[in-house]
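Listed after this line are the structures, all set down as structure tokens.
Shared chain: chain A. Partners: chain B in the first complex, chain C in the second.
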Partner chain A sequence: MAAPNKRVLKEFSDCSTNPPPGCKVSLVDEANFKEWNVLIDGPANSPYAGGRFKVNFVLPDDYPFKPPVVTFKTKIYHCNVTNDATGSVCIAMLKPDAWKPASMCKQVIEAIRGLLIVPNVDDPLELEIATQYKENRVEFDKKAKEWTKKYRA
Partner chain B sequence: MESEDDFNSARSTDDEMMDDVESGYSDDDFDDLEIGEEEGFDAHDKITATQKQSYEVEFKVWTPKDIDEAQLRLINEVKDVLGQSPEATAILLRYSRWNREKLIEQYMDNQAAVLEGAGLGESNSTEARVQTLTGFTCDICCDDTSPMTTFAIKCGHRFCIDCYKTYVNAKVTDEAEAARIKCPADQCNRIVDNKSMELLVPDNLTDRYHELLVRTYVDDLENLKWCPAPNCEFAIQCKVKAKELKKVVPTVHCDCGHDFCFGCAYNDHLPAPCDLVKKWVKKCEDDSETANWISANTKECPKCASTIEKNGGCNHMTCRKCKHEFCWMCMGVWSEHGTSWYNCNRFEEKSGTEARDAQAKSRQSLERYLHYYNRYANHEQSAKLDKDIYVKTEKKMTQLQNHAQLSWIEVQFLDSASKALQRCRQTLKWTYAFAFYLERNNLTEIFEDNQKDLEMAVENLSELFEKPTDQLEKMKVEMMDKTAYCNKRRIILLNDTADNLRKSRHAFWSNDLGA
Partner chain C sequence: MDERDAEIEVCQAIWPELTQGQEDPYLLNLVVDVELNDPLELLFKEPETVHGEGNVNYVSEKVKYLPPLQVAIALPSGYPETAPPQVSISTTPSWLPREKLQELEDLAFSLWKTGTSDILYCYIERIFEQPQDHFGYTSGIKIGSELRLSLLEFQASVIKAAFDASTIACTVCLERKSGAECYKLARCGHVFCKGCLHDFYTAMIQEGSVQSVTCPSPDCHILSASGGKVQPSIPPAELLDMGMEPETVQRYAYMKRKKAIDSDRSIVRCPRTWCDGSSRSKKYPPMKDIAEMRELDETTTTESTSSDEALNSKIAICDKCELTFCRRCKKTWHGDFAFCGTSEEAAADLASMEFIQQHSCECPSCGSAITKSSGCNHMVCFNCRTHFCYICGTWLEPGNPYPHFNTLGTQCYQQLWVEEDLIERKTLVRRRVPDRAPNFDAQVNAILMEQLRLEDEQ
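The block that comes next holds the complex of A and B.
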């Protein structure tokens, strides 16, 4: 599949030269355009402010017909990111029926940033964190800030 | 052999040979049970009336061709009412789960909303699907070769045709999606219509695509279900609704030979209703081994009824929980034992007798379960040996042909006997699950008598069946009689339970205790 490589190159050069605000995109390995290292600064108006989160993007061989695989490499206290070694993320646009070949990685990065500002509490991976967010916001903010400081990338 | 006609209707498809030969009916009489599509079985209607047993339900087997035609017919009918193209009508019908009345009503009510919901919203492009363009860049592969063949559906989101093809192929192959594939543009909900799909799907995938399309039709309709047998392509139509399942056990027979319950798709479980089957299967998965073990290895403390395993040591037991001291052998109070430490011979002592009575009571529910479970499992085990029995039968039939110079048709009675055995055991097995939940009333006795009669008939036939081959020829008549009797007993039992279920005359325990 030579053609989609052009797409990957184009997307990478776009994302690395013109990234969404507060983000930085680089390659994990210079020779491999299919694994991206995305650094996202915690948005100012969120408990993650001051933090920096390392997110890994792996573009599958049949990209863009299949969505990128996105994982948090920096631990984060967030209901849409699993609190384990994998750091899986739940984003609507990455689901098989929502991902379209014309969807872009840049949109995914923006969606993640959006989640840092407003988590999706109705579709959580970590139920307890979602409940806490809804019922005890003060405690949630406190813990999220604590983790942000502790695990900063 | 009038009864043969009765069980014609209950047979699985493979076993008609003898029945047909003897009764003189052709395969067609099987169709009588189906919901006639006015296809000229009128002549058989009278037979149907007398053949239909009360435990049987009406159903019809659909071939892939039938399903295809039914869809086309519906699309053609509805397209004129809505004034839409056949492709759009198909999308609309799939959107409304093939509910034609609902679709027409909603469409008349709010056309725009229905079109939007079905992914057919405002068409802002009337351009041709395929266009060869110069200076075009595909947003998927970023290729800008000029000129380029491009593709778009009504929404106008245009991509190079190769990407479009790769996209729909991946949907068809990887996600088994056909009827609800959306435009490849981000956020666009427009559905790729049938005609476009025909252009995009490569030859080697068209069959698969059509299969998936047809599938949505069956999946969407409540009265159609796929036969669950591996590789079977037929679907069954049956009118029995989910809410009726407490009163009917809708067992259907697919043309592939598989008997299953239309309600839960589980293998034929007559006479037990679906909810009991579900409860029973779950209970057996959870409990049977544990219950067996508890029954074999433990006793309850005579004072606090805690379950105790004696894992060694002497008969002088002290309950961990209530500190009660008793003798493991006679269950009596230890203090009455005196010095007979290791050898309890005080069986008749009063305290011991009482304790054993209490013990017996608490054991009752467990034993009750095991009673039914063991019989259920026994018949199930026999059913699992079906294959062996069948192979053995075939061998015997060949032997008999060579041995006694009998023709192939003349030895078919063995095949019939084997099939009757299997079928009756299947039924017997479920009568035990049924009985476990059955609350006692004056009908219970009739049920148990029927069960006993069927069991006896089955065991008698089974015994005959095991005889050496050289004796079989002489027993042909006896065997045929016993086969017919087995089948008859099964029908009597099934009709009886079906009638009682329909009239809600059976009551069932809501718990597992039988009390």
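The block that comes next holds the complex of A and C.
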């Protein structure tokens, strides 16, 4: 599968030289193009403003036929990111039936940034946080800001 | 210098495709491609129209590419002073009507006659203008139907050649490939390189994710009849077209069909452990040759529970080993009138069975249960036209059925007009007892016991 590997190189060079706004992409290990370190600045119009979040991308061997595995390494108070050691993310385009070989990592990064601005409360991983977001926004914002400050990457 | 040479030299500078004959340098050849910006309408006479001239039907096709005009121009000695240029134009196959070709050929003579200078230049320029002007036709060109296929094939080959010569950026491997290395998906028109399509589909089929054999573009979908988004599957024949191995495509077609059958509630699996077939159904005909499978119907594969022949009967026949079995109890077929399944299902069967037994008579030939709505007791079976007696179920002679009711001392004497309600149940030597399951009485008892128990509990 030589061609998809070449694609990983191309995608990385594009994402690292020309990343989406407020993002920075680098390799975890210089010798391995399949594990990316993505730093996302908290968007200005969100409770995550001022924060910085480290997100890990692992591209499987059969990438791009299979989606990248994306995890938050920085703790975040967000209903679509699990509040555990793994930091799993729920994004529609990463689901097996939605991911397509022509989907790109850059789109995933943009989607994550979008989730920081508007969480998807209808499909949450953390139900309590989603409920709080809907019913007690003030308390949610307070806690999200608190965590952002505390765990900044 | 011959005036002809000067004229040819000028024209060749403008149209390099203008060539001179090997033997006669004053015999010029020109190929004029017919590639149109606005499609031209072709009207093909339908072959089956045999009614008079006024009733001819036409099939219309709009085309952009047609076989080129082959133009041969001879400049005889004495041209341009004393001899006119001689032109002959043809097309292969000959789709442009002869009158039009004649008109274009005569144009050279008219130009010569008016005495214009640079006749060759003017003429070629006029000829090149012809295709975009649709050769002066405003309401389509009428052509014999025998040319339809070859003209459409010609157009397809031109489009394919242009595609093959183009350069395409494949959005899967992110590389630029020549069109010849790429494939355009028939349903959505998205283009990818054959290598990526091959690797992707092969991987998906190998791991059994046949539902992922769809266009690799994100958000490529069509709207289903119910308004939902559907990702159209790639039909097996198309996978062959893009160069996939027949074994892989065969596996894909097999699994696709099997998955559709497995998810259909009206279909039951064959009970034989060594057989992986399922009950036969018109919905899932046996697999055809994969090269002919150009359609994969997305809409009928799920949620079609009602209006299926399968639900009306318990009988099922395996499409693979041909075992005939009961779709309810999964045992070898035991006839429609045996009871099986859960006690509720058996109780329902029993109730309908009792109703049928009390209010119908069985045809002595085919066994159909027949109820008399009115009339005499000489019956004719709706199914097999057998004549029989509604009281005792005896077969009657079709030509002379009435002695059965007229012979003194017999069971049905004077009973021809006895109404259904008045037929004494006890006198009904009814009729063949339907095939019962061996444990029929035991099952009936079990149901009655269960009902008593439930009543007690309440």
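Going forward, the second predicted complex is superposed on the first by the 153 of 153 C-alpha atoms of A that agree within 3 Å, B and C clash if a C-alpha of one lies under 4 Å from a C-alpha of the other, contacts with A are read in each partner's own complex, and residues count from 1 in each chain.
Here is the rule we use: a residue touches a chain if its C-beta (ideal position, glycine included) is under 8 Å from a C-beta of that chain, and two chains touch if they have at least 3 such contacts.
This one's a predicted model, so the numbers in the text were calculated from it and none came from an experiment.
Enquirer: Looking at the overlay on chain A, is there a clash between chain B and chain C, or do the two fit?
Expert: On the superposed model, which is not a single observed complex, chain B and chain C clash.
Enquirer: According to the stated criteria, A:Ser16 is in contact with first (chain B), second (chain C), both, or neither; which is it?
Expert: neither
Enquirer: Taking the superposition as given, does A:Arg7 touch the first partner, chain B, the second, chain C, both, or neither?
Expert: After superposition on chain A, A:Arg7 lies in contact with both partners, chain B and chain C.
Enquirer: Kindly classify A:Thr71 by the partners it touches after superposition: chain B alone (first), chain C alone (second), both, or neither?
Expert: Neither partner.
Enquirer: Report for A:Thr82: first if it touches chain B alone, second if chain C alone, otherwise both or neither.
Expert: Neither chain B nor chain C is touched by A:Thr82.
Enquirer: In the superposed arrangement, what residues of chain A touch both chain B and chain C?
Expert: In chain A, positions 3-4, 6-7, 10, 62, 64-65, 93, 96-97, 100-103, 107 sit in both the chain B and chain C interfaces.
Enquirer: Inside the complex, what are the residues of chain C that reach chain A?
Expert: Residue list for chain C touching chain A: 171-175, 192, 195-196, 199-200, 203-204, 211-212, 214-218, 220.
Enquirer: Which residues of chain B touch chain A once you look at their complex with the stated criterion?
Expert: Its residues touching chain A are 139-143, 157, 159, 162-163, 166-167, 170, 175, 182-188.
Enquirer: Given the complex with chain B, which residues does chain A contribute to the contact?
Expert: 3-4, 6-7, 9-10, 62, 64-66, 93, 96-97, 100-104, 107
Enquirer: Which positions of chain A touch chain C when the two form their complex?
Expert: Contacts found on chain A: 1, 3-4, 6-7, 10-11, 62, 64-65, 93, 96-103, 107.
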